[in-house]
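What follows is a pair of complexes built around subunit A, which joins subunit B in one and subunit C in the other.
Right after this comes the complex of A and B.
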């Protein structure tokens, strides 16, 4: 009963957490990028087109369920390549200018999908083939990906690359002075995020049954950023905690009707004022106090 | 670990629930957008559904058993629609779902209801392919194929000398893109020239570029597929910059929310409608009187369509009760849902929209359409849709 009711919600939390994580990598290198949602949208379109277009009928026939991993790989490759192309010029910008440039990139992508025929224009694509009967089944897609990404992130913080990211975040000039190739590292962090967003998009298209330009709205970008900031930008667990809170809250508060959006807003404001390090930061400080 | 396994087993057993009776009152789900910018339409739908609940229960509901509407807000996105549907199906145990508001949400959520074998009636989904989502999906909102050409014909009656036409549409809205396609075909079919096509976006507020292009093209008629806010602004700017010819609006103009946006400038705009509060049939008279009584204003098309959806479900429930000889409240929910879906399709209904027929696919055939002219009152904020004579 519980799983039947909340299956979709549970998977949605994991899915949004992964999306938040794609924003977490550039943030780890101190780059405020909102481009993730654009790559998410692109990955989704790749999966939706491969799942519905007559041009890919032969592929679907030949590959069967193996089509899904193929979609992920193509989405990963496409997102990483485009991420590289966007990242190299865009990452010369700093702070708010980078955020603006990435927002512009997402808007351009949106206009492109609205005018193309292959993306279904404003209606988008629908009737995407489903690998699972129940929504909960999609945990087989997102669950392992989340596990892999969590392990990857935890390992990353201990490698040279990860430490370089964090050095850039703390002080870019100092990092450069120490011989860290800052542009290279920033692009690397950005591309990891882009690739992840693309794969999450490719997994999400069948999960939502339909894909359209509204998947990459500005609101969605901001929501992603909120997951990371509320959860804690400095912890591996941040995006997951943030997504769990912000995705579940409006659903759990459903009986409150209109007031639930107000509650959501209040939680955001309170978290911003009192939890500068996010929920993960709060948990860490609690543990420190316990030890002391 | 052991207790965890027991818990899981318990959950599994709970899932394979035994036959459950429908119960009284009969729950009918309404999943429309009550928050975000879709709420503009969703609220009108909620109002229409509430009138239906009151009016149909007063008439005895389903063979004496009242119905109860279970509302779930879908918000404006796909995930919200899926969640709302899921809640209605497994928690509220509704016999049928009416919704969602947007076609794009329908593409996401309807397959879920279809899989669970719960009938869905779309009150306002006009995109191509909705009724084809599955066996359990039907809709009572007519695609614009028939509505749009009517408005053009009536406009030509007002000014037979029209030759050159400008077409405007909001390129980022699914409904407007499909509507303009139908308009453009109809314009060409009538032997008129499309001199210029201008694209806008539903969030635009400044239309100087488009208006200049239209004025430069020297057209006698402008045909617009936009929503209430952007369409209203566009009309206002067209008139203010000196355009004096005919303006024909699509279904997006079909909302009282237009009037305060464009004020007096909207007077005279011709609108194609699937519903008119002035429609002359018994069902509509009862509905619009009850609506006025409850909300102190004329019902909008979205309200009428929501009312119609509830009525379709209730009529079909009555049909099931009659043909099976069993009380609906005592029937098994899953069994009833299947029987109800069979009763909904391939039937005709008397509704405020006039007589409608749902074919075996769940696609609507509507007999009557309306063409009205907007008339904004002196205060510039309220107005009426005056039916144009046949």
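Right after this comes the complex of A and C.
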């Protein structure tokens, strides 16, 4: 009963946590990029087009359920390549300039999507084939991906690449002086995020059943950033904790009706003021206090 | 291509570009003092337009909590414009107190200020939706009194139509730009603001009340935002509480194009983007929303400091 009612919510939390994580990797290297949502949108369109367009009917026939992993791989490859193409020039920019460039990239992508025929214009694509009867079934898509990404992130913080990311975050010039190829590492962190966002998009199109330009609105970008910062940008658990709080909150506050979005805003402001290290930072400091 | 099309596009572009410029100035003033982009500026833009609407029309529409209520008076448009802008200035001050001051007091990461300003924007926009509903409001046509709707010129047998609201926009924006330039360069307060922007610590050592000037900056920024919101609203109608979001993003493109923190840059950026949109050939009009962002992307790659920005040299 609980799982029936809350299946959508649980899957949405995992899905949004993964999106938050796609933004977490560049942030780990000190790069504030809001491009993730654009790659998410593109991955979703790849899956939606392959799932609905007559041009791919033969593929769907031949592959059967194996179509989904093929979509993920294509979305991964396309996002990583586009990420590379955008990242190499864009990552010369620092701080807020990079954030603005990535916002611009997503806005241009949105206009392109609205103008093209293959993406269904403003209406978008719908009737995307759904592999599972119940909402909860989609955990078979998102759950393993989240587990893999969490393990990957936790391992990453102990590898040369991960340590280089963190060195760049702390002080880019010093990192460069230490012989870290900063541009290469920044692009690497960015491309990991792009690829992940693309795969999450390809998994989300069947889950949501419809795909349109609203998937990559500015609000959605902001939500991703908020998951990471409120969850805790320095912990691998941050995106998951933040997504759990911010996705569940409007549901919990449903009795408040229209006022619940106001509450969302209040939570953002209060969390910024009182939880500068995010929920993960709060938990860590509580644990430290217990030990002492 | 003919001369009438070019002239018409030029007037359209100048008019819309000058509103982009005063809207973007609000971002730039705050950025030059705090080094942070105030993402709630788009919400202030929307709220300012709604305040002017309420003052000029006298009621709050048909939906939401305030449905059916009305003000006991109606102001003529120029007074309502002034009133709406001042109220928007007050909202700007509110944004500073809610989103920026508590974080500044703690010396928090600037990234968090960005998120908290987004939070405040969410609060403002949803409160507005709660109060007046989500439907579209149009300023009534009689709002400009007895002025004609448009001026029509005949040239080479083709018609050049200039809407009255475009001329009002152009005049008000230019007057505002000149007033701001005078204020910043000729008055004591403007110079103190510039000093604070240059270096807050030194300014405070010189006896400038930095917190007070930050508050004034937010007031001016909010008033400029509200003014531009009203002008756009009077021209195209108020498209619901989320009306400011796309202008908010476009404003970011404007200030980066001109050079972050540069006042002449914001003006130039606004005009360049306004004219760029207006001169887009009619066949490509569906791409209009992309013009500002393509320009932004290109300028960031070619000249990251913007057209009139100063190159910052990073110290080790």
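Here, the second predicted complex is superposed on the first by the 292 of 292 C-alpha atoms of A that agree within 3 Å, B and C clash if a C-alpha of one lies under 4 Å from a C-alpha of the other, contacts with A are read in each partner's own complex, and residues count from 1 in each chain.
Please note the rule applied: a residue touches a chain if its C-beta (ideal position, glycine included) is under 8 Å from a C-beta of that chain, and two chains touch if they have at least 3 such contacts.
Given the structure is predicted, the values throughout are model-derived calculations rather than measurements.
S.K.: Sticking to the clash and touch definitions up top, decide whether subunit B and subunit C on subunit A clash or fit.
M.R.: clash
S.K.: For A:259, select first, second, both or neither according to whether it touches subunit B, subunit C, the two together, or no partner.
M.R.: second
S.K.: So, does A:226 touch the first partner subunit B, the second partner subunit C, both, or neither?
M.R.: Second partner only, subunit C.
S.K.: State whether A:8 touches subunit B only (first), subunit C only (second), both chains, or neither.
M.R.: First partner only.
S.K.: Given the touch rule stated above, what does A:114 touch, subunit B (first), subunit C (second), both, or neither?
M.R.: It touches subunit B and subunit C both.
S.K.: Considering only the touch criterion stated at the top, classify A:103 as touching first (subunit B), second (subunit C), both, or neither.
M.R.: So A:103 only meets subunit C here.
S.K.: Please work out whether A:276 is in contact with subunit B alone, subunit C alone, both, or neither, and reply first, second, both or neither.
M.R.: It touches subunit C, and subunit B stays clear.
S.K.: Mind working out whether A:63 is in touch with subunit B, subunit C, both or neither, as first, second, both or neither?
M.R.: Once the two structures are laid over each other on A, A:63 reaches no partner at all.
S.K.: Once chain A of both complexes is superposed, is A:268 in touch with subunit B (first), subunit C (second), both, or neither?
M.R.: It touches subunit C, and subunit B stays clear.
S.K.: Between subunit B and subunit C, which residues of subunit A are contacted by each of them?
M.R.: 110, 114-115, 258, 261
S.K.: Which part of subunit C faces subunit A closely enough to touch in the complex?
M.R.: Within the complex, subunit C touches subunit A at residues 37, 98-99, 102-103, 106, 108-109, 111-113, 115-116, 118-124, 126-127, 129-130, 245, 249, 252-253, 256, 260, 286-287, 289-290, 293-294, 296-297, 300-301, 304, 314, 316.
S.K.: Please name which positions on subunit A make contact with subunit C in the complex.
M.R.: It is residues 32, 89-90, 92-93, 96-97, 100-101, 103-105, 107-108, 110-112, 114-115, 173, 218-219, 222, 225-226, 229-230, 258-259, 261-262, 264-269, 272-273, 276 of subunit A that touch subunit C.
S.K.: Under the stated contact criterion, what part of subunit B meets subunit A in this complex?
M.R.: Contact set of subunit B toward subunit A: 11, 14-15, 17, 34-35, 72-73, 75, 77-79, 82-83, 86-87, 90-91, 103-104, 107-109, 111-112, 115, 127-129, 133, 171-174, 176-178.
S.K.: Within the complex, which stretch of subunit A touches subunit B?
M.R.: For this pair, the touching residues of subunit A are 1-5, 7-9, 12, 110, 114-115, 121-124, 126-127, 130, 133, 135, 208-210, 212-215, 250-251, 254, 257-258, 261.
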